[in-house]
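Structures given as structure tokens follow.
The same chain A turns up in both complexes below, where it pairs with chain B and then with chain C.
Entry: the complex of A and B
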């Protein structure tokens, strides 16, 4: 077990090192310095040189790379190029908790709705509820998140005026963003649960349990479901990643002051340190989530460890 | 010494009074039905899937309209007409006009050109990279395979959007850079499929026979291994098209992808947000186009999967 965790951990660290290196050199390959923008084109060259010197941009690239690493290891992601006296750490500290709250609720909602939906579809295979949940799953997988967000916003906030469409001040403000974020994860989880449930229900141990006279409810809930949930656990890590990327659109549309909206803004501002800082933060976050779901899976399903070694 | 052992033939031939009903020696070698090829078989199975067939028809209609309508239409994607801004759907403008009086129908068709081009190009390039990378990795195996697969693991363990945004920033926003950014991240899945198929097939007798007759690695891969693994490879490539269109519309919706005055479905939806209350049709038609295409592509993909490998059918 420990060996398995160490192996996964090392792979995660390697991934992050590669990501940081790629991000750093890509940012430095950008044409022009971050200070030569359309709106500031008439900066005198000596001012520009002094600005670059104060951010350390005049030193050789490799030296900058090393010093970036040094400050990273102290947990310092650097200072924004565009907003004076704002560090990337400040931005993440203020805006990430907002995203985490909305995303966390969305993760719970996706699991609480998605698993029972897939379960019902598998147990009542071929019946109306199976058809309905599979139609829903197909919609959730095919329709992009921004389309769903726009439609829900138009319907519930503009036409019916039941729910607020921007801000995040009361629980009612959470409903629309969470619904949009969890729409396609619900579909995916339902589809996954259904197909692995169908497989589990055909296994010998289920037949044995039935033959012993175990009630159908217990067979489904205890014997089959426990084994059918492993693919869902594998999906949990990427789910969090998916909610982070989905949140770009949802946070922008519903004016949620989260990290996703800030990332999109820093991309259009070409705020290089900010982009890099947030990318690295996302990367580390995703790697940790994947690691946790891998370890969970190894605990639940001992076969995983065996096939790894 | 006369042990009276019957000769072998006597065991084999049936006595005259015994015969197999319905079996005539003259017909034994006759081929009753025409033999079918694998691809003919696939088409027969695909044809029986109404959703997949409908998807194929919808895609063909969208593609034909995207190719030919702009050639004959009086409007162009950037032709503004300030006298007719924000019009609803009418005979003159089937999908209405936008904030600058541009015909929305023609802009959606130009968007279809861009989206379909990006989807097809990204899938085709990913297919080539994936086949070469996965094929070599699976065929050579050993340490090379381990290193190549670690690289794939690293690439796929992060959301591809992070890389795509970085690449888009580096290259600027254009159709070419969107395709490149999508290709650089989406070949990974195909490479995995090709690798596992090649590893499964590489110890087959026909591969051994080809090697003995002096085939080199390129011939082995392109003429023996990849053609026999074509089913799963096509399925994984088919699903790359909708996911590329998905990513492109996502990027354009956020304002990082296709730039004005060019139109893609994502950017059309993006322009429509501020007008959502007063001009809902400006949102409705681009969104309808995206949904129709995504549904069709996914149905065709599902149909292909069931047709190419009936065992995978759920």
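Entry: the complex of A and C
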């Protein structure tokens, strides 16, 4: 087990190194630099040159790459090009916890609603509850998050005025962003649970359980559900990574001071250090979340052997 | 006293294109401590018959019977909860494929303890103790460490032993074994049959053995029902079936058993043709299209059940006094 985790972490480190390299050179291949924005006032060429020199942007790209590694190995992600005097480390440290809180609630909500919904749909296959939950699931998967966000915001914040539409100062502020974030994961988890549950209920071991006199509730909740949840666990890694690192759309729309919006913003700003910092952070996060979900899967399903993969 | 009495059981499945009549008017009984065999090829209705008795068929199956009586209790009038109380306690069941019949995500111990805790209300320690005894009873080596293992760590034969242990956990009055050896190789088959025989003698349990292999039940069952096309075409004691069979289908089954001491170059005699389509079962004898003695009447009318003596009964028009006298060709 420990050996497997070490191996996976090493593979993860390799992934991150490749990720950093690819991201760095692609970023520099983009036209423009942090200081050539259309909306910026005209800067005299000498000033621009001096600014670039002070950030080391006038040196060859490969040299910049090496010096980036040097500071990175010290744990320093550099200073943001756009927010003067703020280090990228600081930005991640302040804004990630906000995204993680909203995202964490969204993960829990997705699981707590998605799994029972799929379960009920499978057990009452073809009945009204099945139809209803599958209609909901199809909507959840096919409607983009910004449409849902705007609709919910309009309905609950504007028309009904039940919930605040921006900020994150009380638990009521969490409701709308969490609802928008978990909408499509709920739909996905419900669909996945339903189909794997239907499959599990057809299996011979479920018939065996019934032949043993196991109550219908236990047949479903113990024998079938545990088997049906393995695909959901596989999906859990990317889901947790995705939700905890925040969403650009949802954080933008609900003015949540999370990290998600920096992802898109830093690219359009060509805020080099910020782009790299977020790419590395997300990369590490995804690697770890996938590792955890694989370990979880091996705990649930004894046939999955960690050492072999 | 009859432990199980089935009267006029009809089971059908509604599917998209129509209704599959899997079992059509089956009646039989099992006495206490008696072992019977139900023989027939795939699709003859033998498994469906027993699953109907157990109430383990999917919801789209419709089961009708004049009477399904187990140990003096009418199963057709029982609530699902009452039926569940019988399942696993008074009736145990062993299924065909031990590779898929155990839940892969739970330890053998967990699955073995389940019926004990449900029906005998044992606490964990008692159930664990009994589970250990059961594994010893079904002759699994090193039972202590085996208890904590998962099904995928067992071989096919060992898994079937676990299934048998689960079936007999609560000392049932009857065990239904649905092709318990079909998925196993020949030497393991013999071991499993030995084990079932041994348990039967030791625990005085009735066994209903469902199989397509007459050889399997020869050593185990005192009475045999031969099923074809959803009906019982012949029934009798093992002796009557093996030495005095009257139905051409039974002859076909007997002729297709390989003989160990016979001429190795001798060809097995197959039963030509395919079983009837149970979506549209023939109105006459279901075996008529494949029967070499088929008469015009066979295609038109279902043959009546002719009782030859107290135990031997045949459903075949050849039993009619005016029918031509034919004998089994060996």
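Quick note on the criterion: the second predicted complex is superposed on the first by the 280 of 309 C-alpha atoms of A that agree within 3 Å, B and C clash if a C-alpha of one lies under 4 Å from a C-alpha of the other, contacts with A are read in each partner's own complex, and residues count from 1 in each chain.
In this section, contacts are C-beta pairs under 8 Å (C-beta built on N, C-alpha and C of every residue); 3 or more make two chains touch, one makes a residue touch a chain.
Remember, predicted model here, so these are calculated numbers, not experimental data.
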{"item": "Clash or fit (per the criteria above) of chain B with chain C on chain A", "value": "fit"}
{"item": "First (chain B), second (chain C), both or neither touched by A:227", "value": "second"}
{"item": "For chain A as apex, the angle formed with chain B and chain C - C-alpha centres, to the nearest 10 degrees", "value": "70"}
{"item": "Which of chain B and chain C A:216 touches, first, second, both or neither", "value": "second"}
{"item": "Partner chain(s) touched by A:86 [first = chain B, second = chain C, both, neither]", "value": "neither"}
{"item": "Chain B versus chain C as contact partner of A:205, first or second or both or neither", "value": "second"}
{"item": "A:94 touches, of chain B and chain C: first, second, both or neither?", "value": "neither"}
{"item": "Contacts of A:268 with chain B and chain C, given as first, second, both or neither", "value": "first"}
{"item": "Partner chain(s) touched by A:255 [first = chain B, second = chain C, both, neither]", "value": "neither"}
{"item": "A:146 touches, of chain B and chain C: first, second, both or neither?", "value": "first"}
{"item": "Superposed model, chain A: greater residue contact from chain B or chain C", "value": "B"}
{"item": "Per-pair minimum CA distance [chain C against chain B, superposed on A] in Å", "value": "8"}
{"item": "Common ground on chain A, meaning residues reached by chain C in one complex and by chain B in the other", "value": "none"}
{"item": "In the complex, chain A residues that touch chain B", "value": "11-12, 14-15, 18-19, 22-23, 26-27, 29-30, 138, 141-147, 150-151, 153-154, 158, 195, 198, 238, 241-242, 244-245, 248-249, 252-253, 264, 267-268, 270, 275, 279, 282-283, 286-287, 290"}
{"item": "Chain A residues touching chain C - in the complex, by the definition given at the top", "value": "203-205, 207-216, 223, 226-227, 300-303"}
{"item": "Residue ranges of chain B in contact with chain A within the complex", "value": "150, 153-154, 157-159, 161-163, 165-167, 169-170, 242, 246, 249-250, 253-256, 266, 269, 273, 276-277, 280, 283, 287, 290-291, 294-295, 298, 314"}
{"item": "Parts of chain C lying in touch with chain A, wherever the complex brings them together", "value": "54, 56, 80, 84-89, 92-93, 95, 97, 100-106, 114-115, 118-119, 150, 152, 163, 166"}
